[in-house]
Every structure is written in C-alpha cells, then in structure tokens.
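Consider the two complexes below, in which chain A is the common component and chain B and chain C are the respective partners.
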Partner chain A sequence: MSRRVVVTGLGAVCGLGLDWQTVWEGLCEGRSAIRGWQPPGVDDFPVRYAAPVDDAAFAARYGADEDPGPVERRVRFGLAAAGQALADAGLAAGGDGAWTAGRIGTAVGSGVPERDPLELLPALGEDGQPSWQALYARRDRLDRASGLFCTNDALAAGIAARHRLRGPALNFSTACAGATHAIGHGFRMIRRGEVDAMVVGGADSVLNLPTMTGLHLLGAPSTSELFGDRLCRAFDRDRSGLVAAEGAAMLVLESEESARRRGAIVYAEVAGFGSSLDAYQVTAPHPDGVGAALAMRRALADGGVAPEAVDSVNAHGTSTPLNDPIETRAIKDVFAGGEHYRKLAVTANKTMLGHLIAAAGAPELIATVLSVRDGIVPPTLNLENPDPACDLDYVPDKARHQEVSVAVSNSFGFGGLNASLVVRGYDD
Partner chain B sequence: MTNLDAVRLTAPGLYTAAGADPASLWEALVAGKDTGRSDELLAEAWPGAGTAFLVDDPDAATLGVHRRVLRTSEKQARMALYGARLALTGPSVTGPVGGEGWGLYLGLPTVDEQLLRFSALDGLRRAADDSPGAVAALYGREVPPFSGLSHLNSTAAAHISAVFGLTGAMAAYSPFSDAGLSALVDGVLSVAEGENEAAVIGAVSPKVHPLLFPQYEELGWTGAAPGEGAAFLVARRGPDVPGARDVPAAPDGPAVRLAGYGRGFGADGADLTSALTEAVHAALAMAGTDAAGIGWVLPDAGWTAAGEQAQRAALDRVFGPAGARPAVAGAERATGVLGPAHPLAHVVLALHGLATGRLLADDGETVREEPLPVSRVLVLACGARGQVCAVVLEGAGS
Partner chain C sequence: MTTDLPSTNPSDELHDDPNPRTPHTPGTSGTGFDPDAIVVTGIGAVLPTGRGPEALWSAWRQAQPALSPYRDPYVRTRKISHFGHVPDALQEESRDSVPHKLRKFGTPFTFNAVLAAQDAMAAAGESWQQVPEERRGLYVAQDDSTDLSAAAFHKALDNARTDHSPEAGVNLTRLVAEAFGNAATFNPFTVIRALNNNTLALISIAQRFRGDCAAFVQDAGAALGALQRAAFTLREGTCDTALVVGAGSYNEPLKLAAQYRAGHLTPGGPDGAALRSFDAERDGTVLAEGAVALVLERAGDAAARGARPLVTFLGAALRPAVDSGVGPSALAEGPRGLLAEHGLTPDTLGAVLADGKGTVRHDAAEAELLRALLKDSGVLVGSLRPVTGTLGAAGPLAELALAPHLFATGELPPIAHLRTPPDDGTDFVMGAPRKRRIDSVLSLHSTFNGFAGALLAQRPHTD
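This part shows the complex of A and B:
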C-alpha cells in the first residue's frame, strides 16, 4: 500500500505567536521573536538573547485548558500546539472513541529534559553533607515538573492520552533534527498504511540555566551584543552562533483518502522524506556538507521529485559559523544540474523564530507548507553583509510573493544527524 | 513497496552483565548464574535498589577508538558503541561495513546524570542563598565542558556513525522499551523499502545511577533490579528479493526475518491491555499466522505493575489458558531491566534460539532449555507511559 499524505491541521506556540496564523503572519511580515533574555533573576549570563514564549499571554490563552499536571514547559507548549492542530483539522472522536480519520498516532521530537538548577540541593543532609540517602528522604521536595522526573516520552504519551489516540506514540531523539524525523516517519507510517493520520511535530524549551549553560560550554549560542535583537544572522558574515528559542509546532498528516472522505481542507502534500548521518565528528558537521546533501537527495528521490522542480528551500540556517556555508555548499551540490540552485529562494526562518532546537523543524515545516499554499517565501532577516561562502538567493529582508510548487525543508542535528522533507502543492 | 520477506536479521551483538555474546546470556539463564552485583552506592541511595546488573564501562582500547572519543561521550554512548562493535566485527558480517547504504536505528534512554558534582553542592547552597546570578556563575564554573553533549542521548548515534562510517538513513527513539522495538521495526522497514542496503539496529540501557530512581518511582517502578547493556544486530537485504524465503542459511545459523509487527498506545489499565492485545494480533496477522504459530514468547521486563498486568492479560487474551500457551521466558534474571535495550536483547536471544532450534522456559523458579516447536517467536515491549509494540520473528525457512 502506498498512499498520498496531506497536511490537514496546523498548530504552533512560539515567541512569534500562540497560533499558527499569527506565526505565519509574523514570518511574512519579517517580525522577529528574538529579544534580550537572561535566566530568571540573572543579569550577567553570557548568552543575552533568545526567543522565549510570552508566559503571560500563554497562560491567558491556554491556562483554562484542562490542567496537564506537573509537566515541563515543552510539554505544555506541545499539548497546546497538538490541540490546535487537531481542532484545525476538524478531527474529532465519536461517542465510541473512534476518530473520523481512522487510526491515529503521534510522533514528536522533544529534546532534552528540562533541568532544575537546584535539583540536587535536597541531597545536602541536616549535617550539611551531601548524600543520596538525604535526597531519597527529601524526594517529596523535588519539583515533579522538571529535573529528575522528566522523560522524553512525556509529550508523545501526553498527546496520545489526552486525545485518546491509539496508534503509535513515538518520540524521536535526533537532536535538532528530532521534529523533522518525527514528521518524516509519521508521513511514512501513513503512506504505507500503518495508520490513517498522525499528529506530528516537536516541542522544546532549553531556556533554563542548566541547559543553556551546557549549550554555552559547547560554544553553540552567540554571546555577541553587537546586533541586539538582530543577532540571528544566518548566512551573514557577522553571524556568531545560534539564538535559542522555545515553543512547539504540530501538524496533522492524513491519508489523502481520509481527508477527501471527510471533506477536510488540505494545505499541501508531504511528498518525501530523507535522512542521513555525517559519519564525521560529534562536535562539527562534515565540512563538505555530504550528509546534508544526502538527506536532501533522499527526500527528493523518496517523493519522486526532480531537483529542477524545487522552487524554495527552508534552510536549517542556524547562524552558526559552520552550518551556513556548509548548508550552502550542500544545496549547490544537490541542485547543481543546470545551476538550478541559482533559481532557488532559500529562507532561514530562525532569523525570526530563533532556534527551537529539537522542535525547530516543525514550525519551519509549517512555514514551508504555507509557503506552498500561499505563494510567499518568508525573508531571511539581518542579512546585511553576505558571507562570500554563502552565495545563494536567501530572500533578504522582505518576504517574496512567488509561486512555490515544491519546497524542501532541512534540519541538521548536532553530531551529523540530518533530515529533509519535501512539500508540494496539493492538486486533487 | 514494503517487503519484509526480503530482509534478514543477522550479526547479533550483545553486551550485558552475563557477558559479551548471546550464548553467554543463554547459558547464564539456563545455569541460573548470579550475574547481579550488590552495589553499596545504590543500596544507600534508594531502599530496595541494592542489586544491579552492571557492566564495565568500555575503555578506548575495547572500543577501538582514540581516547579523545571518551571525552565527548558518557557511559551510555560507550555501551552503545561497544554493542555496535560486537555486531559489526562479528563473524556474521562479511564484506565492507559503512557508506551510504548503511543506516542506523537506535533505541536510547534519557540521559540522567549529575550536572554538578557533590563537591559543588555546598557552594550551590551558598549561591542559592545569595542570588540567581551566583547560581549561574557557579554553573559556569562547575559544569563539565561536555555535559551539554553527554545530556544529548543522540550522541551515541553520532559516535557509532563516525566510527563505522555509516551515512545511510537513520532514526533514534527514546526513552523506554518500546524505543528499542521501534528501532527494529523502522530499521527493517528502511531496508525493505529500499532506503538502506543494511541497517545497524541497536538499543542501549540507561547507565545505572541514583538519579534514576526518583523518576522510576514516579512512573510506578516495581523495584525490579536495573541492568546495563546494549543489544545490536544488522538487517540486510537477502540476495534474491522475490524468493527470499529460499535464501541459504547465514554462516552462523539459519536466516531470521521480522515477519510482523504491531504498535500502539493505551493510557492505562484495560486500555493498555487492549492496545497490547491489538499490537500482538496485528503482528500475528502480518506474519500470516495465529497464536498457534508462536513457539516462544519473550515478554517485556516487569518494570511497572501496570505493564506486568497488561502483558499477562494480553497474553491470556491472545493465547488462552496457561496450559495451551507457548513457553514464556525473558532475560531479566541475568540482565536486570535494560530499558530500551530490553526487548532488543530479547530479539538477539530469539535469534540465538531460532538458530539453534531451542527456547527458554521459565517456571518461576528456574529457566530450562527446550526444543523450539515452531520457528516463530513473539517479543513484546510495554513502555512506561503506555507505548506498546509487538514483533514476530521467524526462521526464514519456516
């Protein structure tokens, strides 16, 4: 069995907005969610910019929802985005619990557990000496919503339990490619007939002191103060590292037959998925972009799409010194035939969204889907002095109205774990 | 086009407290060998957690890597790398390994380790009394440089890929036992659907650490002894796709294939039992068989009471009365609970049984070896929050 797979529902919660419509509008208008940021109560943390979710606005909008219990921020964001996407798809369970779309599962990428910086303090006993016995005796003082109690499957299981989805509930752990892997595998499961629909995407929140300290020690986030909230400068020569963000985005993927049977609105078709490994270093991507190119090639082949048919690439575009020229090289390699790369509109959504880490591929796929639907390529912001090694058309500053029949979305995870998706307009 | 018939499971690599190969685990189970260790640290840390099935942390020489690899990995990644090495350097793998046709599918635990050493806690207390800024400064000083890496469980995939030159399609799942079987299912599918020529499939346990136990307790842990280890194998396309059932036996035994699978979710109680029952029925149907066609069942470890109960009830529903059902036995007595690696260790054990025509039966007191009456084995996974998976493995000549 091989079925066409279409997108019928969208949901997003991030610094740019608390629903997909606001996020898309922001991307098209070139608004940035990046602003000055510090861990709570801290004023000299070396990483000074991020793209956080507006807590007050989120609480006002979603606080009245059923209390999910003690869960991490990423799970709260993910549950909200999944609820949005299911509602947007017009999917509902009948009285017998059966879904109108048939068998539904979920697949998400959700990063690393959120750590509480003070989680080990209960290990200091009455005598002031640290011990595991003391931690055991005081375990009721530990925060159930963070640190030791967090596991990576909480979001997938939470979505499945809340919406009574009986299909597989999978969590993908492929670093910054997690959401794209989840979406790709959800797509494949529908295509081969294992399920009829999937809630797919990602959620992450690294904006806590322990995780940001770890990322900073790896040299991943920019510590520059030169450009203020214009710090995420993908493909610019003055780029200096990623700008971290938090949030979630979810899509409902569905078999074409199910969507047609329900009369669902179809945003676009997911046509192909490809993944690869760099087999290079844990701390750096392959300098020739071999793995990145392989993922794109496989996604195109998987969808039966010729490179010449692609109009736009939603780049991983992290604004790190290594990624951007390497991704450029990979794009030029994949689309070398007839120098088609010169015709591509390449965009870096992270210049507005920030880097949602494991979730990053999900809002970027939503942008890719809507780009195909609406014929708009969002801009790459802050590209003021292009790096000579980054010499493609990155749609600087302002969104471009153009026909986008087919688009590719890239996610390249730390350690060389790569994934790409191909989206095309749906024509029934 | 999905054609599970065309894919063979081979090259078992197993690293557990019972040894570094499937035969050692088999023998340890039959002999009732005590492979657990009393661990003073665990006993002090968490009442009831005094015994664990630990493995030695592989060193650079064992792993065949430069010492610098150890700096950017933690024990879980090293156990995984060793499991992959056992599989890929064993006698079953002939010809070159690696390249664009070789993919990687992993089941990984969440990494739970201390960000701060105990020696820094007094400073943390003072910093907490002072200001959040002081806490941030202490983290900046005390957190080890590669902690960000070691908390990323997918680091294991990066290491295996780099060491063996795998650049094929990949995926990694976490954090509980269903992750191991999902890696198996999707790894086999990647070969069956032509995405990879071969897929290295593996899973690794968490490293046993006192920080695990609060989480375990919260998730309904029964107190079952934890274990450490890794289980790996390779899925490869048979030489003759249409007639794959006639593929000659591999050098180390008859060819084995994934004949069917089912996966789903059940939140709790009856729902969990139903989900597991449906997953088993789906796996049997895909394998073109029924309950009578199964010779041996390897259930998931009894890690939570809900999971244990659901597995018992599901097996009752599928196989009927106890007297009529196939032998049921797993590896837990000699490995402890291996998390994502548990069901994959069972798959490796099943490969050994299918190759030798033997099974293991557990009467509650001892494990005994018997002839395998039917060349099909059922392996179950029951994740901590309701994720379930069932696979049927079949001797390819059956």
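This part shows the complex of A and C:
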C-alpha cells in the first residue's frame, strides 16, 4: 500500500509567537525572536543572545492546560503545539473511529531532558564525593522539574496520554535532525498504511546553564556582540555561530483518503523523505556536503520529484562557519542540472526563529508548507555581506511572493546526521 | 565473533513437555522461501553475561544470573543492592574497539555498542562488507542515560561546594556557572556524550554507515521502534542491510534514585536471588547495562550472498499504555495486533518471553496480560530478566538474539529463582529447561514511562 500523505493541522510555540499563524506572519514580515538573554541567575554568561519563549505570555495562554502539568519546558511547549495542531486539523479525542482503533499515532523529536546542575549538588556527601545516599537524603530539595522526573520520551508519552492516541508512539533523538526524522518516519508510516494519521514534530529547550555551557565550550553558539539581535547571520561573511532558541512545532499528517473522508482542509502534501549519515566526524559535517546532498537526493527520489521541479529550499542555515558553505555546496551539487540552483529561493528561518535544536525542523517544515500554500518565501535576515562561498539566492531581507510548487526542507545534526523532506502543493 | 548454533534436535536430558503439540510452521517457513522476509544474519552482544549470544544463552540455560553487588566509583550506596554490570575486562575490550580519536565523544555503554556492532557485522560474514556504505541503514535504540551525571560534573560540583549554603540559591548558581565556564573543570565533550544520538554517531563513523538512519530513546520501547523502522526501510528498498543496535546503562545516580523512589528496585532478595520474576516473593527489579546489535537483511539478499539466516523478524508493536501505564488492556493491544497481522494465534506460538521485571506491580499486570492472551493454550512462558536484569534499550534485542538457540535446541530455559508462580493457568517454565519444538517466539515488553510493546520472530527458511 502506498498512499499520498497530506498536512491537515499545524501548531507552533516559539519565540516568534504562541500559535502557527503568528509565527508565519512574523516570518513573512521578517521579525526576529532573537534578543538579549542570560541563563537564570547569571549575568555574565558569554553567550548573550537567544530566542526564548515569552514565559508570561505562554502561561497566560496555556496555563489552564497544565493541570496536572508536565514539568519540563520542552514538554510544555510540545503539548501546547500538539494540542494546537490537532484542533487545527479538526480532530477531537475520542470522536473518530480511527482514534480508538489505534490508527492515529505520534512521532516526536526530542532533545536531552533538562538537568540543572544544582539538582546534583545534593548528590555530594560531606566529604565532597558524590553520594547517592546524600542525594536521596536531600531529595526534598529537588523540585518536580529535576532530572529525577524527566525522561527523554516524556513528550511522546504526554501527547499520547493527553489526546488518548492509541496508535504507535515513537520518540526520536537525533540531535538537530530529530524533528525532521520524526516527521519523515511518520510520513512513511502513513504512506505505507500502518496508520491513518500522525501527530509529528519536535520540542526542545536548551536555554539552561549546563546545556548552553557545553554548547559554548564546543564553540557552537555565537558569543559576538557586534550585531546585537541581528546576530544570526546565515550565509553572511560575518556569521559567527548559532543562536539558540526553544519551542516546539507539530503537524498533523494524514492519508489523503482520511483527510477527504473527514472533509479536512489540506495545507500541502508531504511527498518525500530522505536521510543519511556522513560517517565523517562527530562535530563537523563532511566538507564536501556529501551526506547532506545524499539526504536531499533521497528525499527527491522518494517523492518522485525531479530536482528541476523544486522552487525553494528551506535551508538548515545555522549561521555557523561550517554549515552554511557546506550546505550551499550540497545544494549546488543536487541541483546542478541546468544550473537549477540559480533558480532556487533558499531561505534560512533560523535568522528569525533561532536554532530550536532537536525541534528545529518542525517550525521550518511548517514554514515550508505555508510557502507552498501561500506562495511566499520568508526572508533570510541579516545577510549584509554574503560569504563568497555562499552564492545562492537566499531571499535577503524581505519575503518574496512567488509560486512555490515544490520545496525541500533540510535538517542536519551533530554526529553527521542529515534529513530532508519534500513538500508540494496539494491539488485534489 | 561467530554464532555457533547447535543444529541437532533437543537433548534427551531435557524435561519433555507434558503437552507436546503438532509443530506449527507459521508464515513463510512452511510455505516456501520469501525473499522479502526480514532475517537476522549477524548478532553481537556485550552484556553482563559476557560477550556474544552464546554467553547469554549459556547463562540463561543454566539459570545463572549475571547480577552482582552494585559498584560505582562515584556512587556509594547500600540501597542499590545489585546491578547487571558488564564485566570490567569486557568493558575494556569495548573501549579498545573504538578508534582512539572517537573515545572522547563516547561513554562506556556507547563503547559496548560499537563492539557489539563490530561483532554482529563480523558474524554476518565477509560478503556483508560488500554492501555499499550508502546502502547500510543504521537504527539505534539508546537508553536515556546521559553523561550529565555526578561523575561528569564532579569537579564542577566540588568547586561549587566551596559555598556551604544549605539551599541552592543565586550565589550557588553563580559558583556553578564559574565552575562550568572553566574548560579545565568541565569536559567540553560532556554535551556530546549526553546527546542521545551519541551511539548512532559513533557507530556510523567507526563502522562506516552512510545510509538511512534513526535513533530512538524510549526505554525498551526504543529497540522495538528501531526494529520496526529498520524492517520497514528494508522492505521499501531504502537500504540493503540494516544494523539495529540497542545500548544503554541505568548506572546513573539520577536514574537509580528515580527508580528507587518509585519502589522498583529489589533490596537484595533472599539467598542472593535478587530478581525473582513472577514469584510470589518478588520484591523489585535489578537494573543493568549492555548492548546488542543485529544485522538485518532481506532473506533474498542474504541467500544471494550465502549468508545463513538465524531468525526471521516478523514485526514489532509499540503503543502508549494509555489506560494506566502498565494496565493489561493496553498491554494486550500490541501483541494481539501483531499476532493477527501475521496470521498467528496465541496457541500456535512456540514460546513467549515475558518481560518479568520482578516488581510487584509490573509482574502482576503482565501475569494478567499473559492469562488474557494465552488462556489455556499451553504455550510455555520464560523470562530472561532474572539472568540479565532490566536492560532497557538492549532488552528486546537480547531476546531476539536468543531466538536462534530456541529454534535450534527446542528448549526453553527456566525462569531463574521462580518457586511460586501465579496460580492462574499460565505455564511458566520452572526448575529445568522444557523441551518442545519452537518455531516462533513472542517477546513482551513494558517500559517505566508508559509504553508497551512486543516483538514476533520465527524460525527462518533455511533450504
């Protein structure tokens, strides 16, 4: 069985907004969620900018849904986005036969659970050595948000429990490609007929002291203060590292047959998925972009889409010194025929959203879906001095109105993981 | 390391099944060769029982648990009585199997995974190496253990502790920040080690995999997800071989503390019988560590290169246990659906490998599930758990790794330490191995975080 798979529901929570409509509007208007940031309780952390979710606004909007509340930020964001997406798709728990028959599942990409180092302090005994006895004796000092209560798969379990989804529930953990992997495998499951619909996407929050410290020591986030909140400069000569963000985005993918039967509104069709491994280095992509190119080629072949049919690429575009020229090289390689790469509108949403790490591919796929639906390619901000090695049309500064029949969305991760999705307009 | 399986019929030393049944040959094994069937052609294991599936089988068959008193250089406690430690010498072999330049990115259990992968690939035969790197899929199940542990943070925590504030506060936060900001006290690779795709990355680089991939973190359910996706991509033709690896360790202070708080851990059990699956006197599980790797291929491809299929993987199910976390109604959905999908009924199964964590609650729920699922079918039920402990992501793969031995020997080892099983009609194997032709195996799993699943395997076609 091979079925067409369509997008029928969207949900997003990130620094740019607390629903997908606001996020899309922000992207089209070129608004940035990046602002001055410091970890809680610290005022001179070397990473000065990030794209956090507005806590007060989130609590005001979703606080009522938090009883009994999940404890981690990423899980709270993910549940909110999943609820949005299901409501947007017109699906209500228990209201559909497929629901109880286990034909609707979930697949999410997750980052590591939040583990504040302070929670480990009680693990030190009086002699200064880590001691489980000490940890247990002082357990009352640990709040419910501590690592004792967090697991990586909490979001998948939470979505299934809250919405009583009885189909497969999968938790992908593939670093910055996590959400794209989850979406891709969910797409395959529907196409193959394993399920009728999937709630797919990702959620993450790395805006805490230990994770950001580790990322900083690896040299991943930019510490520059030269450009203020215009720090994320994908494909620009002056780019200096990623700008971390937090949030979640979820999509409801559904078989065309199921969507038609329900009379659901279809945003676009997911046509193909491809993934690959660099097998090169843990912390650096292959310099020739062979893994990235392989993922894009596989996604196009999977969808039966010729490279010449693609109008736009939603790039991984991290604003790191390594990623941007290598991704450019990979795009030029895949779309070399007839120099089609010259015709592509390539956009880097991270210049506005920041890098949502494990969740990154999900809001970017939503943007890709809406690009196809609305015929708008969001801009790449802050591209003032293009890197000579980055010589594609990155849609600088302002969104572009143009027909987008087919688009590709890329996500690449630590460890040499690459994943690409192909989206095309749905015409019934 | 090769898989050396006996090819003769069950030994006469075994206890004959009092209710022998007509051998059943489900699926393709009785109807002919199916080139699209998914078969396992290589197995590697690094477990508390030692290296390789034979060590695991031997320990299981002899009912010799590989659980030992808990030990860790950073965690001193008497509340964690036992643990399924990978032996120190084997742990060193694992580390030595990882290229030196990659070691700084890995953790001990990641190293176990690399060695298990290496062994599985070797067992799959030399011709397996001819599969192009781009056509090798890699699907990894990793435990939710991270290196963000007391061990990793030791120096930073020690520095921070110079402030003797009784409560964690702003000043303490500041001290921690300073300690963490100093590369001399904080290993910059800690975050990489903490990434849950760490195992995937290291194996792909060390063993040259460039094909389709995925990594899952979902306790034992992660292995079921990885198996499902691997089989799926093989059937779709997205790759020509798929390595499925499950690896992890529960030896992390926060995880141990969480499990203890939840009342899941045994205080030690009488007579050193730490983990007593399904026994009336069970009092908790024993956590463990280890890695298992399986090479999967389409049967036609395996035959074409002359590889010996060890087991046919039919499928896996993984569902949220929506009702109660471990409720039997939710647990039953997976195995029932799986059996139905392959035209099997419970009474045609050769054996059921139960999870049998050894906790009062999990085993009670599973016993109820077994009764509901098997009724009076007479199917034998065993459990590996008392031998290996609760393995997490490697658990389901360990059971699949044992299936070839079950098929070859026709015996199901006893559940170690089981003296008083539930009196509900389920045929738990006790005391000595039971002899019976086994053509299919159903293994059941539940996780600590609300998922339940099963996997189904059968004797491969070997003409």
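Here, the second predicted complex is superposed on the first by the 407 of 428 C-alpha atoms of A that agree within 3 Å, B and C clash if a C-alpha of one lies under 4 Å from a C-alpha of the other, contacts with A are read in each partner's own complex, and residues count from 1 in each chain.
Simple rule for what comes next: a residue touches a chain if its C-beta (ideal position, glycine included) is under 8 Å from a C-beta of that chain, and two chains touch if they have at least 3 such contacts.
As the structure is a prediction and not an experimental result, all values here were calculated from the model.
Student: After the chain A overlay, clash or fit between chain B and chain C?
Tutor: Aligned on chain A, chain B and chain C clash with each other.
Student: Report for A:363: first if it touches chain B alone, second if chain C alone, otherwise both or neither.
Tutor: So A:363 meets neither chain B nor chain C here.
Student: Once chain A of both complexes is superposed, is A:186 in touch with chain B (first), chain C (second), both, or neither?
Tutor: neither
Student: Given the touch rule stated above, what does A:102 touch, chain B (first), chain C (second), both, or neither?
Tutor: A:102 contacts chain C only, not chain B.
Student: Which holds for A:169: it touches chain B only (first), chain C only (second), both, or neither?
Tutor: both
Student: For A:354, select first, second, both or neither according to whether it touches chain B, chain C, the two together, or no partner.
Tutor: neither
Student: Thinking of the overlay built on chain A, is A:276 touched by chain B (first), by chain C (second), by both, or by neither?
Tutor: both
Student: After lining up the shared chain so the two structures overlap, which partner does A:215 touch, if you call chain B first and chain C second: first, second, both or neither?
Tutor: Both chain B and chain C are touched by A:215.
Student: Intersection of chain A residues contacting chain B with those contacting chain C?
Tutor: 39-42, 45-46, 112-113, 115, 117-118, 120-121, 123-124, 128, 130-133, 135-136, 139, 148-149, 151-154, 156-157, 160-161, 164-175, 181, 185, 188, 192, 209-211, 213-218, 274-283, 291, 294, 298, 302, 413-417
Student: Quick check on the complex: what are the chain A residues that touch chain C?
Tutor: 39-42, 45-46, 102, 110, 112-113, 115, 117-121, 123-125, 128-133, 135-136, 139, 141, 146-149, 151-154, 156-157, 160-161, 164-175, 178, 181, 185, 188-189, 192, 209-211, 213-218, 274-283, 291, 294, 298, 302, 413-417
Student: So in the complex, the part of chain C that touches chain A is made up of which residues?
Tutor: 74-80, 102, 105, 133-134, 138, 142, 144, 146, 148-151, 153-154, 156-158, 160-161, 167-168, 170, 172-174, 176-177, 180-181, 183, 186, 188-192, 194-198, 200-202, 204-205, 208-219, 221-222, 225, 228-229, 232, 236, 238, 253-254, 256-258, 260-261, 317-320, 322, 333, 337, 448-451
Student: Taking the touch rule as given, give the residues of chain A at its contact with chain B in the complex, in rising order.
Tutor: 2, 39-46, 105-106, 112-113, 115, 117-118, 120-121, 123-124, 128, 130-133, 135-136, 139, 142, 144, 148-154, 156-157, 160-161, 164-175, 181, 185, 188, 192, 209-211, 213-218, 220, 274-283, 290-291, 294, 298, 302, 413-417
Student: Using the touch definition up top, name the residues of chain B that touch chain A in the complex.
Tutor: So the residues of chain B touching chain A come out as 1-2, 41, 44-47, 72-73, 98, 100, 103-104, 108, 110-112, 114-116, 118, 121-122, 124-125, 128, 131-133, 135-137, 139-140, 143-149, 151-155, 157-159, 161-162, 164-176, 179, 182, 186, 189, 193, 195, 210-211, 213-215, 217-219, 263-267, 275, 278, 383-387, 389.
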